[in-house]
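Got some structures for you, see below.
In the two complexes below, chain A is the common chain; its partner is chain B in one and chain C in the other.
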Partner chain A sequence: MKKSRRAWIYIGFVAPALFIYLAVIAFPVMSSVLLSFTKYNVYKNTAVWIGLANYIKIFKEPVFWFSVRNNLFVIFVSVFGQIPIGFILAYIIYRKLVKHRNFFQLMVFLPSIISTVIVGILWSSLFSPIGAITKIIQSITKNPDYVMSIMTNKNLAMLPIGFVLLWMYTGTYLIIFLANLQNINPDVIEAAQIDGATNSQILTKVIIPQLYGVIVLTMILAISGSLKSFDLVFAMTGGGPAYYTNLLAIYMYNYSFIYANYGVGSAISTVMVFMCIVLIFMIRFIRSKIESMED
Partner chain B sequence: MLKKLIYLVTALVFVASISICTFAQEKEIELTVLNYLDITSPEAKTWDATLEAFYKEYPNIKLKIENLFGEAYHQKLRALAAAGNLPDVMYLWPGGRSAEIYKNELTEDLYPYLSANRARFVPVAVAPQWEGKLYELPIATTATHVVYANTKLLKDLGLAMPKTYDELVAMVPKIKEAGLDPIIMPNKASWVMQSCLFSALVGRIGGQEWLEKAIAGEASFTDQEFVDSLKLVKDLYDTGLLPPSSIQLEYGDGPNLFASGKGVFMIDGDWRVNALIPLLSEEEQKDITLTVFPDIPDQDGKSGSTSTVAATGFGMKAGLPKEKAKAAWKWIYFFAGPKASEIRLVDQGMISSYRMKLEGYDLPPLAKKRGAFYAIHSGTYVLDDKISGEPINILNIGLQGLALGNITPEKLAADFEAAMKEIR
Partner chain C sequence: MFNIILSIREEQKYPTEMTQKEIFNKTIMYAIFILFTALTIYPLIWLFYSSFKPLIEIIKNSLALPKKPTFNNYIQAIKIGKLGLYMINSIIYTTVSTTLTIIFSMMTSFAFAKIENRATSFLYNLFLIGLLITIQAILIPLFIVETRAGLTDTYFGVIIAYIAINLPLAVYLGTEYIKKIPNSLIEAAQIEGATYWKIFTSIILPICRPVIVTILILTSFACWNEFILVFILTASDRTRSLPVGIYSFSGPLASEYGMQFAALVIGITPMIILYAIFHKQISKGFASGAIKG
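And now, the complex of A and B:
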């Protein structure tokens, strides 16, 4: 086949997807970056160039840094909570260490298919001062005045949200890991067993090295998902009380849609994209280091 | 020849009569409507009755309605406005919430349509809303601050209605001893404290004149009047009048808690009457008094004042074609006018901005009390009606911060004034 013809075929197949990608992802991201340097009136579609003023404004605000802190907490819960627990549960099912595996799998996965808004409202009412958790603790401690107040503590307000994030999304990682565990050739494990490898050796020396790619993928999913995390927290607390559970996405939403200040909103989203890129490069760097050490 | 002429005249008469019939029958006009309604609330029944009455009067106007409530409504309206795709008719607020839409002239001034009918409405309701224009026709005047008092509970506890703030504070131990909350005011949603209590406190402590000056920039929000109002909010938590858990309670929790006797007082807007009526029997409604926050030491404002705002109503998109604009106005006027006002009065006890005689209506006791409330209590500004955007959010979040103890009244006042300076 002639080279030029092959090139046209490539272009023919790639162009539609590339066009959609550029239109839906690249163009809005670039527009948002440009808007972040302007004072933009969305209703009149007019923009005035103001340089770095929007960035200076957000970096000066304590609420911005508190939102960054909360986002890092969500990333921590996702990477060091959902992924390891999802993997452990998948491993338990894969190695048939529990009975009724299908039921177990379904129960863990079920929360991730329920609407996030419903989950948010459900847990919000459970954590309410007149909700079920307060009532249960009141009856256990026999203290009718007890009120669950963890959400009003500046340093602990994110904990209930972290718990709900674990409850809701661990099942997604369970499914990803289980599918990849089932792809591992059983002969390899059998061979290791014949060679006298213990269960922990099989896990650390045989299974985990084969899952490095998936672990990195899940970490990228967890980080990008955590940084844009909005719906669950918005439905549960709306970022309150005060700004204790504010996330960057809620902070951006407030600027863009409540104050109609799209310039500042775009600056926040640009920071989010930048953070996401840095964290993903960090993970890829760590992965390449681990692989080179093993080689 | 004569025969031909007769045929011609007959044909002309036939064509002309068909044309007249066609023109006589009004053309059907469809309007897209974005409505603010919780379809699970008691108001939904009233809305249905209003629509039925409208269709009876204007069968040629078809309303294509989308109902949304709470933040979902505001998000959708903002998104439609940003996309330049507003519906023909939409539910709007006199200031604050709808300020961006007015500022960018996305809706039509209704004064030319209202013209001679203006005198049929109470003046405060049809006063200019933005730069001398009327962008929505308010259905009522709203008191955003009402203290609902359960007089039976007070009597059972051996207490009387407090006339001063000190008397109110003195009640706390006795009420708490009985295992009740002194004041129910769920304010997890940050606007509630500002709208349903703080605005009235500022009006009471500083007075309407000072408040007008502060908004105009002739006085500062760091003045003692504003700082003292913030201190009072902090004091409500410190004295136990408001339980700390109130900032964790959903706004919708209030009426149920109050109706089930979990608290002696409830602070909310006058619209909460609609939610309380179905929860209380007529006898129980007689035990509920609608009043305002008691007198505060050294207050400059009027005793018994509340915070009021011309209420919400419908407005129309700017630049509608003539026929559509006429149809839109018919709906807007109908919704604020005599027929819909009567339906709301009978169903909800809502006193309309359209002047009407109230005698002869069989209203629930709480609805009658709501009607009487407006005659007794004068009004001052509601802050989020006059101020929008970032400053009001700083204030709303700061008011929650006072409850949580993470900000001082002085710091909040300074932050608010700084944000106001940026938008003035």
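And now, the complex of A and C:
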């Protein structure tokens, strides 16, 4: 077959996906970065270059730093909550330490498949004054006047969100770890047992080293997932009370689609992408350090 | 649940086989799983029976079972909340976007993996960068462009965005899968005079069934549950989807708890039914799609 003909066939196969991808992802990402350096006029569709002014503006706002703090809290819950708990649960199932494993796995994973908006509304009603949690605490403490106020407390309002994040996503990590545990060659574990290794030695010396790749992967997943998370908190608290549960994505939404300030909105989303890249490089760096220490 | 308690008892009948420490560990492990199970099931059961309670009963005692169960909440939710219409829109978005994502991504993956071209490594990496892009990074320009082009509030405007956000993962999974198919299979077909299109449809696609199922599961869940894009790109009832419709119950209708609960049940039920039938495939799909980030 002629080379040029084959090139045309190649283009034919790639074109539909490439065209959509360029139009909806690649081009908008680049224009978003450019927009962040401009003052955009919605009605006239004009953009005036203003340099770093949008970035300086957001860095001076306490709401921005509140959102960063809350985003870091979400990352913390993912990396030190969802991932280790998900791993422990997966390990218990993998080593067949409990019965009814399929049933438990089914139940822990179930929240992951429900729409985040629905989960957000469901838990905000559970935590609300008329919700089940208030009523349960009332009957345990025998205090009928108790009112669940954690959702309106500016210092504590992130805690219920952290709890719901654990509730919703731990199952996803369970599934990921379990699939990778089951890929480990059972002969390796058997050999270690014959050599007289204890269970905890097998875990730390045989199993975990084989999972370094997956652990790094889940951390990258958790970080980028946490940075873009929007739906759950938007539906659960809307960022309130005031802005105490704002995430960067909600902060960005408010600037862009409530105040119609696209320049500042783009600056926030650019900061988000930048944070994501920096954190992922940090994780990769730590991983290579650990690996070189072991060698 | 009762079964589990029984099985713990059975194991405890033979203390000679297990040391105290082992029994303690087992109890802790069961306790953790039972806690997770209860935390999953209880809110859903509470939601389900509460959705049959009239508003006055919900406010009086939120824990009690319905005294006078009523379908009124559901009738109201469907009537006022237009959930029937939103459900149809969600089905359209999910099926059309998923089908087109699968077709386009498999075509691209086939070209990347099996038709030699110098552009492949650049284009493939371009798609892979998409795995790291957050939706927020495309939201504003996409909204501006779609507004200018008159695409906001249309099915097309939402579907094209859904295809695009799902393409990177689908292209990645497809390409890595097709790379593993031996070239000899394709060469043999070419000797017999088969065109690339023929090879794609009659050799590649049938072999790729497992990866297509994975893409199908991941993409359809992502589309069905997607919120922010459809929330911003649509403005009228005609084009809004179920998550946006249900979200509106937490706004002006927030104090209508009964209706809100009914709407949530309507939103959850299809997912639970699918999960009950296909849970093996679904958890496998999520595990192999774990590269997403």
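We adopt the following convention: the second predicted complex is superposed on the first by the 266 of 295 C-alpha atoms of A that agree within 3 Å, B and C clash if a C-alpha of one lies under 4 Å from a C-alpha of the other, contacts with A are read in each partner's own complex, and residues count from 1 in each chain.
FYI, a contact is a pair of C-beta atoms (placed from the backbone, for glycine too) under 8 Å apart; a residue touches a chain by one contact, two chains touch by 3 or more.
Here the structure is a predicted model, which means the values were calculated and not measured.
**Q** Consider chain A as the common anchor and indicate whether chain B and chain C clash or fit when overlaid.
**A** They clash: once the shared chain is superposed, the two partners overlap in space.
**Q** Once the structures are superposed on A, label A:Q193 by its partner contacts, choosing first (chain B), second (chain C), both or neither.
**A** A:Q193: touches no partner chain.
**Q** Identify the partner contact of A:Y43: answer first if only chain B is touched, second if only chain C is, both if each is, neither if none is.
**A** A:Y43: touches chain B, not chain C.
**Q** Which partner does A:Q210 contact after superposing on A: first (chain B), second (chain C), both, neither?
**A** Touch status of A:Q210: no partner.
**Q** Looking at chain A, which partner touches more of its residues: chain C or chain B?
**A** C
**Q** For A:H100 in the superposed arrangement: first (chain B), second (chain C), both or neither?
**A** Touch status of A:H100: second partner only.
**Q** Contacts for A:F257 in the overlay, against chain B (first) and chain C (second): which applies, first, second, both or neither?
**A** After superposition on chain A, A:F257 lies in contact with both partners, chain B and chain C.
**Q** What is the contact status of A:S32 with respect to chain B (first) and chain C (second): first, second, both, or neither?
**A** It touches chain C, and chain B stays clear.
**Q** Touch test for A:T152: chain B only (first), chain C only (second), both, or neither?
**A** First partner only.
**Q** One more residue to check, A:S124. First (chain B), second (chain C), both or neither?
**A** In the superposition, A:S124 contacts both chain B and chain C.
**Q** What stretch of chain B clashes with chain C when the complexes are fitted on chain A: 9-17, 45-53, 81-89 or 225-233?
**A** That would be 81-89, the only stretch with clashing C-alpha atoms.
**Q** Which parts of chain A are in contact with chain B and also with chain C?
**A** Residues common to the chain A contacts of chain C and of chain B are 124-125, 130, 257, listed in rising order.
**Q** Which residues of chain A touch chain C once you look at their complex with the stated criterion?
**A** Within the complex, chain A touches chain C at residues 6-7, 9-10, 13-14, 16-18, 20-21, 23-29, 31-32, 35, 45, 88-89, 92, 97-100, 103-118, 120-126, 130-132, 134-136, 139, 167, 170, 172, 175-176, 178-180, 214, 217-218, 220-221, 223-225, 227-228, 230-231, 234-235, 248-249, 252-253, 256-257, 262, 265-266, 268-270, 272-273, 276-277, 280.
**Q** Can you list the residues on chain A that touch chain B in the complex?
**A** 41-44, 124-125, 127-130, 144, 147, 149, 151-152, 154, 237-238, 240-244, 254, 257-261
**Q** Given the complex with chain A, which residues does chain C contribute to the contact?
**A** 3-4, 7, 25-26, 29-30, 32-33, 36-37, 39-43, 46-47, 58-59, 61-63, 103-105, 107-108, 110-112, 115-117, 119, 123, 126-127, 130, 132-145, 148, 160-161, 163-165, 167-168, 171, 196, 200, 221, 224-225, 227-228, 232, 242-244, 246-247, 249-250, 257, 260-261, 264, 267-268, 271-272, 274-275, 279, 282-284, 286-288, 290-293
**Q** Which residues of chain B touch chain A in the complex?
**A** 75, 78-79, 81-82, 84, 100-101, 104, 106, 179, 188-190, 243-245, 247-250, 253, 257, 389-390, 393, 397-398, 400-401, 403-404, 406
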